[in-house]
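Listed below are the structures to be examined.
In the two assemblies presented below, chain A is common to both, partnered first by chain B and then by chain C.
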Partner chain A sequence: MSYKRFYVILFLASGLFCLLPLVLDLYRLHVVIVSLFYVMMAASWNLIAGYTGQVSFAHAAFAGIGAYTSGILTVKAGMTSWLGVATGTLTAGVTGLGVGFLCLRMGGIYLSLTTLGFSEILRIIITNEYDITRGTMGLQIPPMIAPYSKAVHFFILLAGTLLTLIVVYKIIHSNMGLNFRAVQNDERAARSLGVNVIRVRVLAFAVSSALAGLAGAIYGHYLMLITPEIPSLDLQFFVLSMAVIGGLGSFAGPIIGSFALTILSEYIRAYGEYHVLVFGLVALAMARFAPQGIMGLARQFMPASGVRQ
Partner chain B sequence: MLEGKELTKRFGGIAALSQVSFALPEGLIVGLIGPNGAGKTTLFNSIAGAFKPSSGQVIFKGKEITGLSTDRICRRGIARTFQVTRPFDEMTCLENVGVAVINRARPVSSPWRDAAYETLRFVGLGNQADLEAKRLNLIEKKRLEMARALATEPSLLMLDEVLGGLNSREIGEAVDLIRKLRDEWGLTVFWIEHVMGAIMSTAQRIIVLDQGKKLMEGTPEEVAEDRRVIHAYLGE
Partner chain C sequence: MKNPKVKLLFLLFTSAVILAVGPAWANTVKVGVVGPRTGGAAATGQAFDEGIKLAINYINNKGGVLGKKLEVVFEDTAGAPDKAASGFERLVTRDKVVMVVGESHSSAALAEIEVANRMKVPFIVAEAWADPITAKNYEYVFRAGPSNSGVVNETIAKWVAHAGFKKAYIVAENSDWGLGIAELTEKALIALGVKYEKLTTERKSQDHYTELTKIKEFAPEVILAYVYGDGLHFFVAQAGELKVSPRAVILDGAGPPSLWPDFWKNVGEYGNLETFVSSMHEKVELTPLAAEFRTMYEKEFGKSPTDYKSRSIFDAILIAADAVKRAGCTDADSLVKALKKTELEGTRGIIKFGTTPGGPEYHQWMPPMLIIQWQDRNQVVIYPPKAATGTLKR
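Coming up: the complex of A and B.
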């Protein structure tokens, strides 16, 4: 897909989205907003998992870092929400750089295990540092723009989503993106051609973490209440399912996956925690029978329609 | 140009390479031969940084490069091909070569696509530029491997059995290409090969390894007449 076509599609789609607050009731608008948050999460996770083959379990944790950094700074230090979000994004990115530097030399399963551990440590700290985070009670934080309006926050999340998608698109179509794919295809051959594999991975990890921080921070201000559910493994696996079911390593896959699963989960909400189980099973089945996800199936059945990216 | 000093590589208790010393003069094609398991690929891996030699030194253009990471050694000017080709399957030929172009020590001013396309044309893959690498046949994969190595702009090219599986016409073409690299590009070539006719008629010097040790070094004529080499290949 050419740059031009990408931007045309992106802005047409977001133009259509801009009409949504006029036609949707508040509940449905909420579902769309949650979907947008997940698009930001899944698309940025796809950047590392789909394009460099590094399965990190700390993506929700980085969203948590963004949300709590911004939340605490606005509540305790009186910062504006916008500055809070920027600081939260930056903090997540810098933490990502650190974690990446420490554990990306290992790669593979070790990366997954280390990020899993990191994620749990963070959740435990947030739960227990009651004085600062108010633990599982949740921290009440101000909205992005007061007085609170769902429609306004919808537009802010839409802007965040656009930003995330443009960043991801630009990266995967840059020299860095070429290196990402080389590393994923054959690490040893990539090294032999001068690719600094560690630097490529750490960079991808830091950018992806910063984007997760951005998503978490904005989402927190939309909810006005941040709890340890944001940096939880539940959320992590939800994001993972979305990316895998939508199509790992394709640009549109995580977008489709996020909307599909968020909307679906509203319908099966009545079954409580079982919906996570259902998604897990669907994700497993997809990984086994259609590893390219929905996008892969679309490509298979509509080869002529140009569904490539 | 490239110098190895008493290179030794042990895997557990087994010395795959022991005390191998050699010197490659600039601008020559130097063959590396020896029976299976002689340590040829191990020597390549030790030079290219795929693993660190247990002891000994590798000196390239007067500087020690022993134990540097593969990507840094590549940027110093040593490129290699693999015995079993390792293309980036899911990427087009152009992108395969592009990876080498964008990671050069001297960044290109023109778009990488142009430089990559030039290199593909040079090895005869101009028409396959937009084809995914997994769709290539064996010979084309070998050419692609060569193109990627060349696109890093090396001064030393290490070839690991590039002629394996080719028919005699294709061998002729490949040998012409390698000669051209020496004569027109001024490359030094270090070349592992089992196709004896080709390497004996192309290389100016030959190094023979056997059981991890350097058996001898000399011109192709000297090597062909040496009793030790004949024994190493044919046994007593």
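Coming up: the complex of A and C.
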């Protein structure tokens, strides 16, 4: 897809989305807002998992860093929400850079295990330092713009989503994106051709972490309440499922996966604990019939339509 | 549609559409209930379910409300503030409930009252005790149940003085309820001149051996345990194992966990002589409606009611239905006006909300509370003296 075509599609889709607050009731608008948060999360996780092959389990943790940094600064230091979100994003990015620098030399299963450990450590700190974070009681924080309006937060999250998608698209279609692919396909070959593998990985990890921090920070202000559920493994696996079911390594996959799974989870929520079972069955069905996700299915059914990786 | 994959996608889509439009034709007045059906206090959700069933039958057998049947929509909050806030919002925006009742976790309720206040939806808290829930004086928030200050000042502190305890240990979970009630207890113990120590424990902790070793060193006469859920069972069992109790009397400062069906299974004989706070006794009825509730309960479930939270939610739904009837409509502001004028017989007394703003008593009704001790698996009321059916055994 050319840049021009990408921006035209993005512009048209955004235009259609801008009409949603006029036609949707508050509940449906909430579902769309949650979906947009997950699009930001899944698309940015796809940048490292789908394009460099690094499976990190710390993505939700970085969203938590963004959310808690912004929340604590606005509540305890009186900072504005906007500045809080910017600081949260930066903190997540810098932490991502640090974590990436320390553990990305490992790669493979070791990277996954290290990020899993980092994620759990962060959750335990947040839960136990309740004097600052209020732990599982939840920290109530102000909205992005007061007085609170769902529609206003919808537009802010939409802007965040567009920013995330543009950044991801630009990266994967740049020289850096080619390097990402090269590292994913054959690390040794990439290294022999002069690609600085570690630098590529760390860079992807830091950008992805910053985008997760941005998503977490804005989402926290939308909910006006942050809890250790944001940096939890539950949320991490939900994001992972969205990217995998949508189609890992494709640009549109995580977007489709995020909307599909958020809407599905709303419908099956009525079945109480059984909704987890239904969710698992859907994931199993997808793994059996469409291992490459919804985008893989689309490629299979519409080979001539130009649906590509 | 010969391709099985297309069939599968079509089936999924059709199911989603059917699920989405299914309830649209219902003609009922909807009341939302929030509470934990999952998590460490899932037993409260079961008590809520029982109370809801009886309340719906009771109200609908008497003609319903505004000529329509009363319908209850339950949202599981799992005791988690984030799930509670989003569940509350879902009840209002998706299910279009006219009022929300319930909750039994203070942290969850504190998240919910913000949504109730923002969305201007009346909310009757049933069993979340933290003072700020009503102390914030939100116009749409009511509480037909105990508050921390009410329980500490009217029951626990007076019992400590009455029993003549000189050394106490406060164990509080890190929740809004636990930290809040521990702080109030500290103040009350200082006023009474009782020597005390305090520690905070993780809400979901199952291992209390370290804390209990510290407690044993202090050798208190009473342990005021503000731990809710299964954690209380672990605490009682491990205290018995380390012989901290029965040398020190353990008071379960919440109550229901000592009444849950798996209490004796989890704590064994270490549960004997444990005390707990409760708004009911297994054999004492405070109002004629309480006796009627017992009859209905036994008929419906084939057992006696034990967890008082089934009565709390029953009362809360009755208050909601009564307010809708008196308001004659489902407009939120009219419902608030009607709720302010509530004077209704419940299972725990005559319910009437406080109207003096400024403190936690605003929009609050405090049921009478008892302190009960397990003596050979029988409930014995030991406080207040006028309701006592026995004395404290140590």
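The rule we apply is simple: the second predicted complex is superposed on the first by the 287 of 309 C-alpha atoms of A that agree within 3 Å, B and C clash if a C-alpha of one lies under 4 Å from a C-alpha of the other, contacts with A are read in each partner's own complex, and residues count from 1 in each chain.
Keep this in mind: a contact is a pair of C-beta atoms (placed from the backbone, for glycine too) under 8 Å apart; a residue touches a chain by one contact, two chains touch by 3 or more.
A quick note: this is a predicted structure, and the numbers were derived from the prediction, not measured.
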| item | value |
| --- | --- |
| Touching partner for A:V85 - first (chain B), second (chain C), both, neither | neither |
| Touching partner for A:R181 - first (chain B), second (chain C), both, neither | first |
| Which of chain B and chain C A:T136 touches, first, second, both or neither | second |
| Touched partner set for A:E229, first chain B, second chain C, both or neither | second |
| First, second, both or neither for A:L248, with chain B first and chain C second | neither |
| Which superposed partner A:L193 touches (first chain B, second chain C, both, neither) | first |
| Chain A residues touched by each partner, larger count belonging to chain B or chain C | C |
| First (chain B), second (chain C), both or neither touched by A:Y27 | second |
| Sites on chain B touched by chain A in the complex | 48, 50, 69-71, 74-75, 79-80, 82, 86-91, 95, 98-100, 102-105, 112, 148-149, 151-152 |
| Touching residues (chain side chain C, partner chain A) in the complex | 5-6, 8-9, 12, 16, 19-20, 37-38, 76, 80-83, 85-86, 89-90, 92-94, 107, 110-111, 114, 118, 174-176, 202-204 |
| Complex contacts: residues of chain A adjacent to chain C | 25-27, 30, 127-128, 130, 135-138, 140, 148, 223-227, 229-230, 263-264, 267-268, 270, 272-273, 282, 285, 289-290, 297, 301 |
| Residue ranges of chain A in contact with chain B within the complex | 175, 178-179, 181-182, 185-186, 188-197 |
